[in-house]
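Going by the order they are written in, the chains are A, B and C; count residues from 1 in each one.
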Amino acid sequence: MSPLDAVPKSIPRRASVDLPTVTLAHGGGGRAMRDLIDGVFLEAFGCPELKEMNDAAVIALSGLAAQGDRLAFTTDSFVVDPLVFPGGDIGKLAVCGTINDLAVSGARPLYLTCAVILEEGFPIPELRRIVGSMASAAREAEVAVVTGDTKVVGRGACDKLFINTAGIGVIEHGLDLGPTRVRPGDVILVNGLLGDHGATILNARGDLALSTPIESDCAALHDLIGVVKAAAPNLRFLRDATRGGLATVLNEVAESARVGIALDESAVPIRAEVKGFCEILGLDPLYLANEGKLVAIVPEAEAPAALAAMRGHRHGAEAAVIGRVTDRRPGRVTMRTVFGGERVVDMLVGDQLPRIC
Amino acid sequence: MRYVDEFRDPVRAKALLGRIEALAASLAQARDRPLYLMEVCGGHTHTIFKFGIEGLLPKSIELVHGPGCPVCVLPMGRVDDCVALAETPGVILATFGDAMRVPGSKKSLMQAKADGADIRMVYSPLDALQLARANPGREVVFFALGFETTMPSTALTVLQAEAEGIRNFSLFCNHITIIPTMKAILDSPELKIDGFLGPGHVSMVIGTAPYRFIAEQYKKPLVVSGFEPLDVLQSIWMVLAQLAEGRTEIENQYVRVVPAGGNDKALEAVDRVFELRPFFEWRGLGSIDHSGVRIRDAYASFDAERRYSVPDVKIADPKSCQCGEVLKGAIKPWECKVFGKACTPATPMGALMVSSEGACAAYYQYGDLDDLARRSASA
Amino acid sequence: MCLGIPGRIVAITDPVHKLGTVEVAGVRRAVNLACIIDEDHPIEACIGDWVLVHVGFAMSRIDEREAEATLALLAELGEVMEAQRAMQAAAAGEEGDHALR
């Protein structure tokens, strides 16, 4: 039974959330704050746990222990600017991002928290929209938001809205993922086109005056991961390629596992528009953030099954094998370029910036 | 992408490499050292590293990375001036991304932004002009840098501002010229360059004639090269062919983009707005005569140096900095005493480590540092 | 100052200010055409032209014939090399046969 099954269909709206903007009173702990929580958060999330407004969500251990033998526990804060962009918004990111962190650890994501810090003057309709995105992303993922917190700070003390989500999930007995499991000969896969999110955000800031159809790939991947685990029981490693992109994840693996990684540039799937965007600005798509893409490392024998499983899933239609783990040059990621030469793909220092040279 | 992907074709590369190997082998017979070819332009350095070209070439050819990186050669004093402009109340400083991380004597533009200066990254000077239109109560200063490639776009933007009567727009002009730079390299006694890959996009503006003195006076071949990997390989082949045949000429490999006579409209705009400075300071290379341009008196109202007061202090490069020797091709990046130690991309001492196609940053990012360590250990 | 990308002019948006729209692999951007227009090439005729774009300015019209010529030359080199290699392989094969007898 999903925690969402007992959701009441609507909760009566209160008057003070018909105001256009958030005020300091909304963070004050009194009536206005109750109204905000009821009228915006509870209305959207609709979870019975949440409705009780206890100081903590209480979850029976027996229920968790029935699903596995370890708890995965993660947190992330979301401060993206702009708040809304093609393909999603900060709310969807906050839910999918934490779900993905749990899922790539091998866990079944179960419960989330939602803590919000609002800048005084933040428009309530926009808050509703963002919280609505969080709620629909959580519902789609069958994950419940069971507790939260709301604070309001004075104008200028935060940039519009910051969200923190923490999440717990359960890891089934016997599943062990991590860089130390990776061995030379293993195959590296990604579940689709890289760089969409990073390009979207950079473009959405508006300074570059480029118009593109690129959208964020923000998505919850735990279901996809489920089919991959089933197809490749000896799956070694999973990680989502968020900030810093594919190159950062691979460098982390190479370093932790003391293995080499050899990529094939022509096998790395990148949308034509993202390639064009990067060429114009002098950016390298390997370092652009993704919010719906992961790196999976599997033993060679299980690679065809893993690839097929990904491609059969809606979040893996463009999945590809992009390289291999080697014992050559441990700690380093190298890439055979489309031109036939070889280059090193190193860790980035700082953020990538567009260039003219 | 058309006109890009075809010039990254590995099949065509194979044939070129075969020719290059054959020529290099025959040239090697008469020499006791490798052939040194310099690519002047930072964009070529970027291509060479991004596609792993150096590893494809025979060991008898060594590529030397030249000073064609206008960000790399910005002296610290000019960066300080720019930071001062950005920190002037009411100013919006618009800049290309490249310049954000270059260290000044106290901070970079990136750090000034973190400290509260209103600094915006733009792709084009036209976007900076748009900022001026959209913010009539603010003063927009555009950090103009680049070689002749970028001068026309800055000049045309000034002309556009004048035509529209925009009064809250000015630029901090750090444009530099390529010919005096190349002369300074050719004149340096430590030089042992056998041939040059010429800057393709500068040439798109100035044409190929300005390089003639290199062939005629200095007796070195130069091939104006495009920026895709096949362009670079073909240009290397053409330089080797000249050396093998005893020719010293200026050739144009980038014919699809570079007209021999350059671009009249671009040059006219540049001439209207800019004039040569008697001399200009270059990081690592010192002062070079007639190597920079400034805004003419007729357009003084668009000159940030005349509208605002800037510290204008000449700051010496740090003593341990060997950027100048690397820029001239006298030493390789890893031969610099501080490369990889005090000077890394995270803690850059000189601009060659900051700009992504500065020779040092390129080696650090893309290069085979383990191999370099072995090479310098055995040297 | 080197980063230039080939793009196709898909629209003229402001003939007075000499502005158009250029497209690169599906990404569009406003571009200034002042450097590539003159009496022989008026602005209206630029639609469909391939140009080299640098910081929002079209700096040169790409000469399609020269581009083809460059690629053809390089392809020819490849054919010549293949032919040479085939001849060498054939010659080595004959020698090998001799050696076996």
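Rule of thumb we're sticking to: a residue touches a chain if its C-beta (ideal position, glycine included) is under 8 Å from a C-beta of that chain, and two chains touch if they have at least 3 such contacts.
No experiment lies behind these values; they were computed from the predicted model shown.
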{"item": "Closest chain to global C-alpha mean, per-chain Cα centroids", "value": "B"}
{"item": "Most distant chain from subunit C by Cα centroid", "value": "A"}
{"item": "Pair of chains ranked first by number of touching C-beta pairs", "value": "B-C"}
{"item": "Between subunit A and subunit B, centroid-to-centroid distance (C-alpha), Å", "value": "39"}
{"item": "Rounded Å distance between subunit B and subunit C, as computed from the means of their C-alpha atoms", "value": "23"}
{"item": "Junction residues of subunit A, two or more chains touched", "value": "209-210, 272, 275-276, 279-280, 282, 355-357"}
{"item": "Residues of subunit C whose C-beta touches two or more other chains", "value": "1-3, 5, 24-25, 29-30, 54-56"}
{"item": "Residues within subunit B bordering two or more other chains", "value": "1, 4, 14, 42-43, 46, 70, 96, 123-124, 127, 146, 150"}
{"item": "Of all residues in subunit C, those that touch subunit B in their complex", "value": "1-6, 8, 17, 24-25, 29-30, 32, 34-38, 50, 52, 54-57, 59-60, 62-64, 66-67, 69-71, 74-75, 77-78, 80-81"}
{"item": "Footprint of subunit C on subunit A - complex, ascending", "value": "209-213, 272-273, 275-277, 279-280, 282, 355-357"}
{"item": "Residue numbers on subunit B that touch subunit A, as the complex places them", "value": "1, 4, 8, 10, 13-14, 42-43, 46, 49-56, 69-71, 96-98, 100-101, 110, 120-124, 127, 130, 146, 150, 229, 344-346, 355-357, 364-370"}
{"item": "Residue ranges of subunit B in contact with subunit C within the complex", "value": "1-4, 6-7, 9, 11-12, 14-16, 18-19, 41-44, 46, 68, 70, 96, 123-127, 145-150, 152-153, 156, 160, 199-202, 204-205, 227, 230, 234, 253, 255-259, 263, 265-266, 269"}
{"item": "Parts of subunit A lying in touch with subunit B, wherever the complex brings them together", "value": "207-210, 272, 275-276, 279-282, 284, 329, 332, 336-344, 346, 349-350, 353-357"}
